[in-house]
Structure formats: structure tokens, C-alpha cells
Amino acid sequence: MTPVLKGLIAYPITPFDRYERVDIPLFRSLVERLVVSGSHGIAPLGSTGVLPYLTDEEKEAVLEATLQQVNGRLPVLAGVSNLTTERTVYHARFAENAGAAAVMILPMSYWKLTDDEIFRHYETVARAISIPIMAYNNPATGGLDMSPALLRRLLEIDNVTMIKESTGDIQRMQQLRRVLGEEVAFFNGSNPLALAAFAAGAAGWCTAALNLIPELNSLLYQAVLANDAEAAREVFYRQYPILEFIVRKGLPRAIQAGLKWQGIEGGYLRSPLTPLTGTEVQELDQLLSAENVSLG
Amino acid sequence: MTPVLKGLIAYPITPFDRYERVDIPLFRSLVERLVVSGSHGIAPLGSTGVLPYLTDEEKEAVLEATLQQVNGRLPVLAGVSNLTTERTVYHARFAENAGAAAVMILPMSYWKLTDDEIFRHYETVARAISIPIMAYNNPATGGLDMSPALLRRLLEIDNVTMIKESTGDIQRMQQLRRVLGEEVAFFNGSNPLALAAFAAGAAGWCTAALNLIPELNSLLYQAVLANDAEAAREVFYRQYPILEFIVRKGLPRAIQAGLKWQGIEGGYLRSPLTPLTGTEVQELDQLLSAENVSLG
Amino acid sequence: MTPVLKGLIAYPITPFDRYERVDIPLFRSLVERLVVSGSHGIAPLGSTGVLPYLTDEEKEAVLEATLQQVNGRLPVLAGVSNLTTERTVYHARFAENAGAAAVMILPMSYWKLTDDEIFRHYETVARAISIPIMAYNNPATGGLDMSPALLRRLLEIDNVTMIKESTGDIQRMQQLRRVLGEEVAFFNGSNPLALAAFAAGAAGWCTAALNLIPELNSLLYQAVLANDAEAAREVFYRQYPILEFIVRKGLPRAIQAGLKWQGIEGGYLRSPLTPLTGTEVQELDQLLSAENVSLG
Amino acid sequence: MTPVLKGLIAYPITPFDRYERVDIPLFRSLVERLVVSGSHGIAPLGSTGVLPYLTDEEKEAVLEATLQQVNGRLPVLAGVSNLTTERTVYHARFAENAGAAAVMILPMSYWKLTDDEIFRHYETVARAISIPIMAYNNPATGGLDMSPALLRRLLEIDNVTMIKESTGDIQRMQQLRRVLGEEVAFFNGSNPLALAAFAAGAAGWCTAALNLIPELNSLLYQAVLANDAEAAREVFYRQYPILEFIVRKGLPRAIQAGLKWQGIEGGYLRSPLTPLTGTEVQELDQLLSAENVSLG
């Protein structure tokens, strides 16, 4: 079976206008940049896209705008995570009907969920759709940490076929690979782990960095495909300070500031998120200006 | 100034019917039990009330039902926490207009917020209403940990007048008291810390335990008021295993099971939350059956 | 059976001369201060006494000096913790022969020990002596955390009769009391938890603070004995900033600096430990100068 | 300058006889195995060699036995870590005089040390010897975590020329490389990170695994030297379960059991360390028996 996704999966931000309303035209232009700059898939409504800060109607508008803009050029991976199972099912069905290639689901926490509750949550959603599901582990944002054993269990559900790991712990990926076997595609969602994850056998890299430094991201992936560890290391360290920065500052805030630095309109953030401070922008400026980031 | 709240603040669960719709009549009967069993305030739409799992309309219906049922007998503290500032303002205004005595606000995280973002969030809400605000710190559910220094800063906002601390770390409360001075009312939201928090000077105890063991909770508070440390300790250890259990299992699940054990209708949970397992119910049964819990 | 120890157990520092040799005459004078200022027991060779930084000969000299100086006025609790079981047995026997009332044993870690290894370690030492053993849990210094369940198991060994808990988590003490029952004496070793631990039923407080503020420490204990929660709280908050400081800075460094501040010779530290910096001394100065600490 | 060390640095265990005395003849035979099986350096008196559990005399005997047995065939890296600065200086001088190529120093904690205390500790030792020093960061055993910034500061001391990182966090190594530059040799001391660390540019791997699976270890290093990422990954996953196991169980216990499994005498452990349990030995047996470990 040809996998639905592999390589570099791009996560657009969701831009707002000055009244904090979603700015769909601007969003489409940002998606277009991602499509033409080397991405292998587009993933709206992820953490970068501030999914949990959007209303149901906004989520639908963002997904539809993505599909229209991408227009079949790349597979679209739709984020449909929600605190309740009912709303997750709702958005997953919407995504399937709208034409998404797959959906990404993060188990979200207010109350911590038991493994059985998480399993049942995925199972209920999976039964309601027929497109593939990427199970997404990111305790830092979602508040729940799924063990390799639980992820293996989720993969027993028919259309759960992909794993995205964002704990930032390379040993976790190695355990995943050991537990799941070589066949199962796991994706790295932790930017500073890009090099180590590819070394460990990741099938792809889910990243917002493609909004800012797509050439460097692509060069890394090419070095990986060419089995050239030295070249991969060299190009990774050129982008590592930026990867580390955008994660440390939060992806939506950091990407918006980086776009502005590049002279690209990135819109406004939705409160309580605020723009990077002056000092933070200066730090980002130094990182993006460094000779080793430029591509000539 | 007489404080709006003190003593035992009761947190009702939000019960659902078998189709996972909010069951307002049942909710009102559960609120009535809390009003007549020794509580000094009623706090709907808290963590126990699964606030984040409700739609805007459901939140409004729950708050209105609370106010109608309480009917002025006790002050009502309305939970209005939301990921976005705009929705928090909306619900805070609704609460004020509906007649709540105060609102409780937990800064919620998907993306971690900076201290400045949290401050601005509170400030924006505070300006939009004129009733008092209880700033609520609970990293385990909300995902953000507010330092004593940040809480002090929040208290500089005019109508932020109360602090609820739920980290479960008694040293945090001691630091709060040291940083804030004796005058500021801080409330304990960590059930297993009830004894230690009162020893450290807490003005009140925000608890879902009042749904299950109001007599024991009240006896503890009376011993505290009587400055009788030995009696407080004795009655605390009688209820400690239950307090520890309901926190460990999650308040909505544990309270619902405990109500059922007492022969009281507690309704259904909303997915992905599921009822306690058989083994968990057995453990609860043993705790509630223990002679030292009975009151005769 | 009358317990060997209760109340305020004092931990002297081990002072060094300028060449970093143990200064026994100075040590004896520091012990004498502790004996006459309200302590109920003297505990040389604890963490405060930098036990692990001493040679075997130095340990023996320090214990003998303590016993000579105390001269039967108070029970002496000798620290005999060591990485190896063989050396722990050796020092425990030495302590018994020298006349110590009891020994304190912290399981020490370089390699983490399993519960069985810890149990066997205590059992081997216990069989080699006939005086009581205080099992001491302090993961911050010793590197191992003993669960309430393991501590209960240790208490099944005949002469393990006391528990000292220093995790700084009040819930741990409550669990201990629940697991061990009311009869077993547990001692609090975490200074900032002094109030909460007494509220929770601690039999005593093991503390280096007696080197600096014995009057405040004693007033707290008297309020506890008098079952006066308000007085205990009041006097606790007067000493809390100092308790918090000495723990944060490390007991040997902080006590030595505090003695100097009071005009009392405290000797030198052994490298790599260094005196508090100027800024740290200033902070301590402010805390000790504050009106609420003075006793007049 | 040609670096003193690179590649695979082997850590022998220190075997004991049934009376828990160091067994020097057996130790020499274990060192010989390491010398002839592809190691590029021999490092006695490390964590694997239970350094902190040995007396001064035993440490000297072990080092002398190593140097005699290696007899110049490979560089010897002597562990000289100690809680006190004075003893560290003593053992470092002994190692230099005895003929060690370099010394490894872990800052050890009972009391946590400040950055300044750690710096001064290294500086004092460095001034006392003229051979190179490897600064070793391993919070899990030593109890202190040195930041990349502190490690950079240590490298300003003349003969501190190597860094060994054992936190198990690949991001830490990446930060080290970023902070220190490409020229500084950093060594990986975390076995499960062997692949990721080489991908990130580690100069060598300090490992006890060479006692059990030297062929697999060597194949990994050869793939790294050949810039063959795929081969490195393939051979890494063949040894990963064993690497993970020996770290999880503690190196001395796991290596001793593994030697026994291979029919090689590994002696006894020193109490409180105990042999692996039957179940643990079974798990190790399965890992070592697995076809993917055999080399044929």
C-alpha cells in the first residue's frame, strides 16, 4: 500500500485580522507558499494553526479554504482534535466529506484520560470515517502522553495508520520503532529532533518551519534520502537554532514574527496570544540573519 | 470589606442524560443537595462541572439553572474559563448579568502563555465586568502554572480579589501567604491538602467532596474555626482516603460513582470520559463503607 | 514503650579549620549551644554535618566528641549512612558501642537501588546492632525515594522503629500516617513543612534551624503541644522565610553563614562547598534582621 | 593536536570475590577482553566500575592493574571523581603519576553544588595535574546537571579538553555542539543514544556495552565512519534492546549478568548491589539470544 503521506508535512498558521477574525484570503496565500516551496503535504488546523482557539465554523472555513487552494496538488491532512468525542467525530466527518486525504487526532486533556478512554475515543472516530487517521502524541500541548504500548494498540484500529510523535525524546521514537516494527510509518513532530528522528528511521517530518526556511528543510530531507549522514548533519546545524527558537517561543507566535521579518504578511494573533516582544524579535532577527541560514 | 466568599465552596458535577445531553433538572437537584448540606457557596462550571466539555449554550443553561435553584440562599461563583480572551469576556459578562456573585478564571493552555499574556488576559476580562474575580491556579488541568509573584501581580487588578491554589504543594500556599500578606484571601482547591491548607491560613476550601461527604467536610471546617488542631487532624484522616481517591480518579468520574453508591442519581458522563471501572468502584465502595467515614 | 526520640532533634554542622580539617573543639562548642537551647536530641553526622564528605576516622571523632559533650543530657542520634552495606554496618556498630541512643540511615545512591536492595541493606545493618534505627527518606540528597509501602516494609524489621521524611511533600506524610497507622512515630525532616507536618501528626522535627533560631523553633513546638493552631501558624510564618532560605541554599553553607551573622564562630567549609556569596549573605541578613524574627 | 581519545571507549566492571573484596586477577582478564575486541580506549573506575563504592586503596589497585594489563596498547582514561576536591586532586595526581592518558571527572553531589563551586572544583584539580581532563555530565548518577553554558566555561580551563554527556537527551548534545563549536570533542555516555549522538556529531561513545557485544558496537562505529546512515540504523536497532536493558537495570548488575550468560566469569557485586533477579536474567537471556544480536 502506498502511504498517504511521507516527507515534509507543512503546518500553516491561521492568521487573524486586526479584530481577531480569521483572515481567509491571507490564509490562502500562506498555504500557496507552502505548496510551491517543497512540502509533500499540507496540514491545516494543527497546533500551529491554533485549532483549539477556533469556533466550529472557523475550523470548517479554514479546511475548505485549504482544499480549494491546494486543489489536489498535495494531500491535505486535517486536524480534527477536540476535547469531546462527539465534536471530534463531527469534524472528522466534515474533513472526509470535504476531501481531506487523512485526519490528525491529538487526544486532548482537561481531565486526564485513561488508556481505555483514549482508545475508545479513537475507535469511535475511526468507525465514523473511512480515511486514514494519524494518531498524534504531544503531551506539551495536549496534556496527555501516550505510551508506545498504547500507540501500538491504536494501530490495531483499522484506519489508524500513522503515528506522529512530538515528545522531543528520541528514545521514545526508538521504542516506537522497536514496538511497531519497521513497516509502520512514524512521523516526527518535534522540530529540534529532525536530524535524530530521520537517523532513527522517521518516515516524515511534520513542521511549521516550512513557513520560514523551506530550502533548509528540504536540503535536510534530500540528504536523508541520499543516505548522506554528514551532509544531513551539516545542513541540520544550520537550521537548528531556528528550529529550537520557534519551539521555545511557541509556533504561532514565532512563525508570525518570522514571516514579518521576511516581509511577508502574517496577520494578527488571537488573544490571549500576543506577538513576540522586541527582545524576542531581535533574537529571531539574529538567527534568521546569520550567514549559515541564508541560501543565496 | 466583607469578603464575598469564605468557608466551604461546593462544586457540582454537570450530569448528562444517556445521549450525553446536559440534564438540567437532575443538575438542579444536585445543586439543591449542596445548598442544604452546609456549603457556604456554590461554584458551577468548574473542573468538576466539566466546563471545557460544554458548548456556550450549555454553559449558559447550567449557570442560569444554578442561580434559579440557589435563589439567593448562597453566593454563586461562576466558572468562565476559556482558551480565548474573547470568549472569557463573553461568559464573564453573561455571569455578571445573570446574577453571579463572582467569577472564577483559570488561565487555560494549549500554547503555554507568558506571564504577560496571562496578565493581559485577566486585565481584559476584569475591565469588562464589575463583580470580583477569583484567579485560579491549577497546572494539572489548565496546563499553566502561575507563580506566587504572578498571582500577586494579578491582585493589583481592581476586581481580582481572590486566589484559588490547586497545585497540591503546601509550600506554594505558604509562599502565597508570605508574598500576599495575611489580608488576601486564598482558597485551597487541592482536596488532599485540606488540613495543611487550613493550618497554613486558607480562607476557604473549594471542593467537590461536598457532593459525597458534606458532614465530614463541615466537621473539619468547624474544628478549624474552633482552633482545635487535634480535632481537625482526627476528622481529616477520616476523610483523607476519599479525598485522595476522588482526586486520583478525576473529580467528575469519582463524584458520579460516589453519588450512585449513595443511591443518588448522578446521570451519565460525556465521552471521552467513562464511568469508573468495576475495580475502581470496589475501591470507592470500601472507602465509603469504612466505619470511620460513617457519621451515625 | 517510651520512644527514644521526639520533639526537636538538632543537627549540628561539622566545622573545619582553614586547612579543611575537622575542628573538634569548635564542633563541641556548637553542640553545647544546641544542648542548652531547647533541643530534645542531638544528631551529628547528618546531611547538615556533611557526613559523606568525611573520612571514617573523622566520622568516629565527630561522634565521640558529640557523646562526650552531650554527656547523657540528651539522646544522641548518630548518622551512619554509607554507599556500601559493609561500611554502614561498621559505623552503626561503632555508634552503638560508643553510646548512641539510635542511628539514622539514609539509603544512598550512586546506582539506583531496587526496593529489595534497600530492604536487604537495612536488614543487614539491623541484625548487626541492637539500638533503634531511624529510616530516612531524602531523595534530594541521597538520590533514592522510598515509597510509603517500602517504609512500611522496613518497619517490619525489629529495630527499625522511626521514619524521617524529607521529600517536602505533605501528602507523602499523610500517606505514611495512613499506611503506618497512628502509633508509628514519623519525623519531619523538611524545614518548610514544619507547620504542615505537625498539623498532620508528626512526632518530631529534625532540623538544623536550631543552630540559628532555637527560640522560634521551640515556640512552634510549644504551640503544637498546646493544640493551638493559630499560635502555631503565627510563629511559623515568623520563621518560614529563614527555613525556606536555609533549605534553598543548602544547610551547611546557610547555617555557617547564619552563625557568623550572629557573631558565633562557624569555621570553614570543606571544598567543593564554598561560603555563601555576598548577595546571599545580604539576603540572609535581611531575613535574620527582620523584626518578626527577633524575640526580645 | 591529535586528540587523546576517540571512537569506542570501554568501561570495565570491577569484579569482587565472594567476600566482596576486589578481584584483581579477574579484573585484568576482563580488561584484556576489552583491549582485544575493538575498543579504542579503556576507562576503569567509572560508574560501571562502581568507583564510589571503592576505598582509596582499591581505586589505586584497580588503576595500576589496568595500566599493567593494557601495557600501552590503548590510552587509559582513569575515573577520579570524588565528593571532595581534596580527594579528587589526590586521585588525579595518582592517575597521572601511574601513567593514565587522561582523567574523567564527574562532579558529585550530596549537597547540590553551584556552578561556581563546580568550576572551582575542576579548576583546582586541573592545576594539580598536566594530563587532559574529560568533564562528565551525568545527573542520574552524580546528582548534578551541568548546563551547556557551564561546560563551555569548564573548557576554558587549560587541560579540560573533552566533554562526556550522559543526560540521555539528544537536544543537550545538539546544544553542546552549537555552544562549543565543531572543534570540541564531545563523547556520548548514554547507550540508547548511540545512533542519535553519532548523527549529531559525537566524537566517541563511552560504553560498558563493549563488555557484552563488542562486534555490534564496532559495526555501528564503522557505519558511522563510512557515512552510511542506513547501515548505522540497521545495526543500531539490532543492539538497541540490549543497550536499553543494561541502562535500565544498572550497568554493573547488567554487565555482570551478561558476562555470566556468555559463560564468562564476572565475579560478585558489592552490597547493597545485588545480582539481577531470575526474571531479569530471563529478559536479558531473550535479548542476547535473539537472532538479530548474533553475528555468526
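Every chain is named by a letter (A, B, C and D) in the order it is written, and numbering of its residues begins at 1.
One rule holds in what follows: contacts are C-beta pairs under 8 Å (C-beta built on N, C-alpha and C of every residue); 3 or more make two chains touch, one makes a residue touch a chain.
Which chain is which protein? Per UniProt: A, B, C, D = 4-hydroxy-tetrahydrodipicolinate synthase.
Remember, predicted model here, so these are calculated numbers, not experimental data.
Peer 1: Over half of interface residue numbers shared between subunit A and subunit B means same, under half means different, so which is it?
Peer 2: Here the answer is same, because the shared fraction of interface numbers exceeds one half.
Peer 1: Select the chain at the greatest separation from subunit A, using centres from the mean of Cα atoms.
Peer 2: C
Peer 1: So, what's the distance in Å between the C-alpha centres of subunit D and subunit A?
Peer 2: 38
Peer 1: For subunit B versus subunit D, what separation do you get between their C-alpha means, in angstrom?
Peer 2: 51
Peer 1: In whole angstrom, how far does the Cα centroid of subunit A sit from the Cα centroid of subunit B?
Peer 2: About 35 Å separates the centre of subunit A from that of subunit B.
Peer 1: On subunit A, where are the residues touching two or more other chains?
Peer 2: Within subunit A, no residue touches at least two other chains.
Peer 1: According to the definition already given, which pairs of chains are in contact?
Peer 2: Taking the chains two at a time, the touching pairs are A-B, A-D, B-C, C-D.
Peer 1: Would you mind writing out the residues of subunit B in touch with subunit C in their complex?
Peer 2: For subunit B paired with subunit C, touching residues are 168-171, 174-175, 177-178, 192-193, 195-196, 199-201, 224, 227-230, 232-233, 237, 240-241, 244.
Peer 1: Along subunit C, where are the residues that touch subunit D in the complex?
Peer 2: Against subunit D, the touching part of subunit C is residues 20, 47, 50-53, 83-86, 107, 109-114, 116-118, 120-121, 124, 140-141, 143, 250-253, 270-274, 277.
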